[in-house]
């Protein structure tokens, strides 16, 4: 018991020194996952399922949520065991954890979301090889507490899902002129009303639904993000220059 | 300040602009023949394509903050437009051309960095995208060739009627699109071969696919492009490597397979003088930006396109194959360039033998 | 040195094995827990597909219980045995459903599921799988076009035998713009299925034991 | 079910043994990357990177403690080659004004020098000769232009002058004129202008 | 020399007409040679002030041996050769040395170099010339026999010494000191002498008129060169667009060939295709052999000289005159009377342009050398040097002011026209990206800068300038790297020295302390002896701490030793680097050689 006491005291000391507020601690994680370090936008990870399954919003949402679940589970488990695993077996252990989580989720989907399971098909087991997941385990969860890891998994998964859904929206609207088609396979038959015809009498632009359309769509999303980033950077630069201009006045 | 400028000081003999213009000019015989065979639709297509191309080019150049005048003058967009105009179905609706040129100029060319930086042939990117996105439009709007129309008392459209149809989708009373159009010879052969519904001889007997050399109607267009291409080769605007190896490979393969299965394989002549073979061999595959640059690389590049054309025409999902073949080989061009570098003067001869001695 | 290596090896092995065991156990447990539900879902899915072409209120039995395995037949275009699903209203045969393969599609085989009423009329047709050109040949899918419904209630007499063709070939069925081969192949396949039904009408409503007894076992 | 789990455990143990062995047996000692980085640095030992010399800076880069853009003498080219070596993104030069200057060497104004030897002590490459109370001089070919000698001089007799351009060390300028360059036209007119001026008798 | 050719000789010569090979690429250019090749060679007026650069050749600049105020005679030596690869410089007119200072020289950089300024007195007073063979042009009768006998009596060393003293350098453009080149060739037993008379660049005709008007000088010069090397064969390669020069040489040779079989000189017409006059290309055309990359023609038993060099050799040996003048083509449509002029070296270019009639309104560009490989002059106040073979003054429409470069469209016209089978389009990408390693992978140092690629480029990309830029950048990088290595060594050395000093200081301090401690201990011991043994524990502790210090010193020493051994490694490294420097030098020399077009 003296051991825990010692631990407590050190914690207290550190916490009395600088205790960052909850928001201060968790906001950067959210920002990282959603924008700055987004799995797709910044790290270009997990593109294979992203490009293959994003042809409709519902498919995208399905895979996105599945991936998010895996991310949360794997992040939490990795965070829990982070102090036990030795560096040399770190990766195999992570892979085992992720693979188990994915297989479990696949089985669950097979049982309860059968149609969605049929549509997503091979891409569910492929979540195992989605580098975004192992990257987070390695880069974040293995160094952070359970709570933070859970939040990081949630945010990373959310970021991934959002991009997936954005791409799915683009492709579905341009390719088929609808939105949320096949909503029933995810939400059940009662939700069929969700399907929206954006353009009526639309012949469809096949390219958007076919794989090349996914690449082009992703390229446009990335271009949009880069545009925003550059804009922000320029703004910051201008701010800096203005600050500099003010400085000499202060000095003199 | 003294500004060093390096030799040579002699006036350059050629400019990009001149090159593009001459190539475009040499397409005129082929274009005229195509207009004669397929009606005014081809002309309308080309004019629409040129307008769209220049507009898109100007807009993207403006957005990219590049000197618009300089790049519009290089006439590469013009050449792309004319190629697309000829390649599209003659009765293609205007929006097909519009979408095609958007992908050619904006996506395939300018987004890659503009002239000289595009990895893929813009015209073929446009064609491929249209073909996979709008397969119905791309395969149906082929006006019956003049020869067939006169033979079977088919209908033709005047220039005004063509414009009216292409821009506003209005046909003169009593005409249907089905009566105006017919499948292209390549399509007929492909369908027959696939279905096993008719042998080559039966198609011959029907007389709606085979002309004297290749596909009825298209053979004349091909001959005209061949003439333009040969002239271009003579003038030194393109090297012989790509077209010759392309045509040789295509001819050889069709001969080879034709000798096994005479019933379902058309003759080499049919392959060479149907579809867009000659246009592809002389005007599309030779696009300098996207082709291989070393002598041996160019031979392999041409041969690859030839082989792919045959493979896709015979076993693929689409009747003509120039676009896919060219795009696939475009991808290989950098690799070919890397592995076929000529032996540099004074370097060990064991790597490669001196091939470009002339 | 040696001792540290050995110790390190042992530690790694134990840890990795521990996590491996844990993970596998988790998967195993989930598998056991979902096994039945998965089987049920699969059955439900199949039933749903069949109900699309045989109206569920027209029969009373469980389609998945009354099945018959018949040997390959040229009209069905398949290489192995085919499963026939039988629909009964009490003791009255209502319809059969089975799959047909068309080999003459534009790019590869087209697999159809067809239901034929006891009267010999088509109850419904659906495409299970195909590789036709997107945008051209894929209009045979119910999601893309209603064309496939045009077979409903057709039989070998209506339309007449020589009219079982696409319009371009002088028949009654529409072809789609730009593609004739695909609809032609589907029309042929449906016709062959009807033909097969007519030929084997009696056999198809037998139960498996009787069938085997009469025509020999197919399950070799 | 149990068999599956056992099989998996057995497999995992084997791999665990292998990995545990490899982790110690195949351990790579230290990375030679420091030397590679050091080889790229200009060796001016000027300390403008805030490190005590080129080697310490190389160590810092290798350890990921310093960005690659702190070396003004190395300029953009150095950043580029460091980025290539370490496979990281090219950063703009930290302090842009400094990087604009060309290479320089120190000279000692002989009339003013009082022979205090302070600069000799400051020079990181022993490029200054002289003894106490005697005039010092810079060996120009050895001077790296680090400017470390300038500050200690009590009489401000050291000046940094640009390295003289001769026909031998002259470099062809990179061609500037291309169609994307809006200044292209003006460059050509300048060129003509210069030539025309020279011709006038 | 204009007696009709005997039929027998014509036949033998025709019989020996060789099989010609071809080189890859090359371009057809219109020659523009008739502008200047009809007039006889005129002589330039001696300028009021001669500006004679001390470095008119590849290698070390010559060291001046005159002082300001010295009176010099024409032909007097101004600077002596300062190394194995160097050449002396002579006064090209008599007068007074008024300054030795930097002045603009004709170089693409527009930089200055050390020059000797001579105010001429107009007397043109020669120093005493000491020819090796008395010039027998006055005795027309048995001239050939006499000459030949005379050449035969000379040793090759004698001739080469004379050539070296006369400051003869390769006049084709490379400016490599001829004597040094001949020396190497002789040592390496080159068996074939190739005389480059192709003169493939447009506009330039100085070699052409030299061959037409002074064929005997050329031939005698060639015989001398042949003698020096001991070559068995001699080939003169001349482009077939110079029939008159060909005929003139043929007529002259026939006499010599007839008189002695040893003198066998073959003159071969090669097709007019730029750059047939490139050394490597000419060798390939004539022999089918290739000079190895990074190698010299001598590696395949060939030595190449320019016709003008041969004539200069003639002057040095037969007249004893050093190289103080050369024939310069002054041409271009902005020149009123295009012509070839024999110009004393050091004459300001402005003077000779005025003499040839400069149409100032038309002038657009002034280029030294040909339009393909020359450079635009920074100023016309620069002097004529040994390199000045042509001054091309163009009017607006004549030469191109390059339009802005368009992007490369990879048409491969450049690689198709490259005589070295290089891939300029690839080298361009990498040069532009300043990827110097990749540029070298694409063999940039095999580029002879002939300009074919730039000329055919439809996008007007200044390819050659990119390559020159890349080459000088690579050299500069190597220089920087060498300098950095030296700096590193010096820095390490300094650190070590400081360390040593510090250690010495510490050692001294320690010794002092120890002494003190000992003394104290001694005192204490003496005191303790009285108190008993209880405190003797202290001593071992002390000695153990002393041991620790000792150990530390030992460690430091070992470390130092290690460092020293490391230092040896760096020494080795720097040797390798030295080797690299040598390689660079070698390459530079070779590149200079290859420029001889």
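Order of writing sets the chain letters: A, B, C, D and E. Residues in each chain are counted from 1.
Throughout what follows, a contact is a pair of C-beta atoms (placed from the backbone, for glycine too) under 8 Å apart; a residue touches a chain by one contact, two chains touch by 3 or more.
Quantities reported herein were computed from a predicted structural model and do not represent experimental measurements.
Touch-path distance (fewest steps) from subunit C to subunit D is 1.
Shared contact partners of subunit A and subunit E are B, D. Note: the chain lying farthest from subunit E is C, by mean C-alpha position. In terms of their C-alpha centroids, the spacing between subunit B and subunit D amounts to 52 Å.
Averaging C-alpha coordinates per chain places the centre of subunit A 37 Å away from that of subunit C.
Subunit D and subunit E have Cα centroids lying 32 Å from one another. Residue positions of subunit E touching 2 or more other chains: 108-109, 365, 376, 378, 402, 404, 406-407, 462, 465, 468. Within subunit B, residues 2, 4-6, 70, 132-135 each touch two or more of the remaining chains.
Taken residue by residue, subunit D touches two or more other chains at 12, 15-16, 19-20, 23, 172-173, 175, 179-180, 191, whereas all remaining positions touch fewer. Within the complex formed with subunit A, the subunit C residues making contact are 8, 11-12, 15-16, 19-20, 22-24, 26-27, 30-31, 34, 37-38, 41-42, 44-45, 134-135. Residues of subunit E touching subunit D in their complex: 55, 105, 107-109, 111, 113, 350, 354, 360, 363-366, 376-381, 401-402, 404-407, 432, 434, 461-462, 465-466, 468-469, 471-473, 475-477, 479-480, 483-488, 490-491, 493-494, 497.
If you check the complex, the residues on subunit A that touch subunit D are 86-89, 92, 96. Here subunit B touches subunit A in the complex through residues 107, 129, 132-135, going by the rule given at the top.
Every residue of subunit D that touches subunit A in the complex is listed here, in rising order: 12, 15-16, 19-20, 22-23.
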